[in-house]
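Across the two complexes that follow, chain A remains constant while its partner is chain B and subsequently chain C.
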Partner chain A sequence: MNLSPLELETLAEVFNVGVGQAARALSQLAGTTVQLNVPRIDVVSKLNVSTELINQGADRVCAVRQLFSGVLSTEAVLMFPVQQSLQLVQMMVGDDVPLEQLGEMEQEALAEIGNILLNAVVSGVADVFKLQFEGSLPYVELGPVKDVLCAQGELTDPVLSLQIDFAIDSLQIHGFLVFLLDLESVESLRTTVQHFLGVLA
Partner chain B sequence: MNAPSQPCHCHPWSAWVLDHLQLGLLVLDAHDTIVFANHWLLTHANLTSDAVLGKPLLEVFPQIQDSAFERALALTVASGYPSLLSQTLHPAPLPIFLPTSQRGNDKLLRQSIRIIPASRQDSALMQQSYTLIQINDVTQPFMRERLLKAQAGRLKGLAEVDVLTELGNRRRLDEVLPQAMRSARKAAQPLSLVMFDVDYFKQFNDSYGHLAGDDCLRQVAQRLREVFRRPQDVVARYGGEEMVAVLPETHGQAARKLTQQVLHKVYALGIPHRGSAVADRVTVSAGVAVYEPGTELSPEDLLKAADQALYQAKSGGRNQVCGPM
Partner chain C sequence: MPHSLLIVDDSKVSRMMIKSRFSQLQPDWALQEAQTGDEAVAMVRAQAPDFITMDVNMPGMNGFEAVAHIRQFNRSTKIAMLTANIQESSRTRASELDVTFIQKPVTEPAIRLAINYFLTAA
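== the complex of A and B ==
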């Protein structure tokens, strides 16, 4: 089921291309330097991801979802602990007034931030692997992490999970980006990476 | 408008629907030339279809040059993934107005914009890569949220006021103190905290009654407000007859000086107090504690330190200031 360390390392490098583009776009939007870092990438079960988030005290998350379909189809879900999503919007808006709640307008701002990140990341991956995807518009969802991850499927389903750390000025925010995959898509991801490694060799 | 050359499966009512949608629609061809604009968009942009169709987007809307909108459009066309521009981050990217009869009094509409590129399949079918721009007027929800936020702010303010003295209450102190200490740490500035207590207040109440006691607290509170009057100072009623002043960017020495002024002012009020063992009138004792940035001190620690200084002032004979230790 799992990808080999070499395959994961390759994926991490490929993802970093898109993450770099996302950081540039978000910096432009924020008017200040936004640094993004991907300390970890792994194929795990949804349960692993939700346990990790809950252990960090984030049982409620704010998620931006987008569908990408092509040779392999996936739903990308970018999740933040609710409190951190508020801080993120506040930083991007450049507002001094602390937000108490994620209102309609803030949710839309978060959708835009997530959209920029997801589009850049998937574009980067698509470019390097020479894949083609169709994307959907972003959709924001608030709720317990298990509900967000299990809108469809089971907690035992695999996901490609990336931790994405944001650093904006003095603010540190930990986001989780997961790509929901079915078994077929995991296989096709592995084939893609192996093919890419073969071309390199 | 030049119709695409492929056979048209349009229903007779499609054009009618597009022109009655209560949102703006713009379609661009692969060269960013406008090939379609619906009635809503033309009306709200105050343009005729002749002024729009077949024209480059940037010629019709020159104000979007180098804007976030233009960047998002370019990225969308390049990546093929739809994108969103939120009202919160970009209030009004396009010059679209509320149609009003009063000239020169046009109101820019708050906009939520979606940029949707045609998929490869659809592009192949249409023999051209079109991009759809959808503009929603979100002025009303924006105003509604702003109103709700203002109301929430007012209610929050009310919930943090002590009804008797009109100083902040304990809730306000609990919210302000940690924030003030964080700011002090960030700005590398000291912060002083002063705790006040009316001397022999229980005896005052016993001698003159609770109404007189209330009035005494109001008068003391007023003296605190007079002395600690910078916008960043916060004065709150901490308990029964205890009051606290949070003084950002204030050294211990300055805090003691200001506190001494409060003591003089209260003494000068000359409120008779026959139950007091230290004077013939109402007096207060005070304890000062200082937070120096770089030291590890919690808000609770700081309150405790001020409380200890206050205890010292009381055991030292009252009507005096003690601390910082």
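== the complex of A and C ==
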């Protein structure tokens, strides 16, 4: 992995554009302000990512995963503590879905929340870099964060990890967006970032 | 005669939300649902609705492909892409297909935009 500090910073900033779009979407869903941090970017193993998330209180999580492919391929995962899942669903559907149907709609609703947020971030990145991504359908998983993050590949696989924490203070909901870029995409990524920086120069 | 709307989305919860919003804002409209692009094409062929809201990312035929199919035999039904896929390339594709583009989440303002498009577009 040979991304320079400037290239890594550029990547974080570009993802930040996408984060802004996700914040807007989440805020529309929640009807309140959403706090999102600036993305943290690291080259680490998946095990490191899961350990860090466990240390932040995300042990058992509800996760929505989507794969985005194109010039760059990334695995995008939205995660939040299991116990907040129904609350998040209620936040999304409001009064549109009767309470008795909420439980059976839970996975559907979570998939849609993930679909909206993950697409918002990826679309922001795509537009800044002038790329096009094809997204898979979202799917929902429940379990220990390590199992969720390592559903594909090995725990020790190195990845370019971009982590974004979000919080909806009024609803006491706290979650994580993680983008894991396969290192095989690194050369494409470098080329993309360098082209972007070249245009700016 | 009330207007007819076909809601196309693979997510049941999204269809429920779209349906609920339209029912509140246009209670006299006749609403139908399709879960896939293929199903939507067949339904439009059988009985053309006045208006369609179309998701993009669906299993099988995606929303853009479904619109392209529909346009081969139906030019009059107005269509709004209603999607989380908000990449510029998606907006461009919608423009090429001469349909409007509205981004999710399914909020009241988003549905009002769709209704306004339907009522005012030539």
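Everything below uses one rule, namely that the second predicted complex is superposed on the first by the 163 of 201 C-alpha atoms of A that agree within 3 Å, B and C clash if a C-alpha of one lies under 4 Å from a C-alpha of the other, contacts with A are read in each partner's own complex, and residues count from 1 in each chain.
Here is the rule we go by: a residue touches a chain if its C-beta (ideal position, glycine included) is under 8 Å from a C-beta of that chain, and two chains touch if they have at least 3 such contacts.
Model, not experiment: these values are computed from the prediction.
The superposed arrangement places chain B and chain C in clashing positions on chain A.
Once chain A of one complex is fitted onto chain A of the other, the partner contacts of A:92 extend to both chain B and chain C.
Contacts of A:103 after superposition: chain B is touched, whereas chain C is not reached.
Once chain A of one complex is fitted onto chain A of the other, the partner contacts of A:164 are absent, as it touches neither chain B nor chain C. Touch criterion met: A:111 reaches chain B and chain C at once. Once the two complexes are overlaid on the shared chain, A:181 sits clear of chain B and of chain C alike.
Comparing the listed stretches 113-121, 221-229 or 239-247 of chain B against chain C after superposition, the clashing one is 113-121.
Under the contact criterion defined above, the residues of chain A that touch both chain B in one complex and chain C in the other are 25, 28-29, 92-93, 105, 108-109, 111-112, 115-116, 119, 122-123, 132-133, 135, 137. Residues of chain A that touch chain B in their complex: 25, 28-29, 68, 89, 92-93, 100, 103-106, 108-109, 111-113, 115-116, 118-119, 122-123, 132-138.
Contact residues on chain B toward chain A in their complex (touch as defined above): 68, 71, 75, 78-89, 112, 114, 116, 119-120, 138, 141-142, 145, 148-149, 152. Chain A meets chain C in the complex at residues 21, 25, 28-29, 92-93, 96-97, 105, 108-109, 111-112, 115-116, 119-120, 122-123, 126-127, 132-133, 135, 137. Within the complex formed with chain A, the chain C residues making contact are 10-14, 16-17, 20-21, 57-59, 84-90, 103-105, 107.
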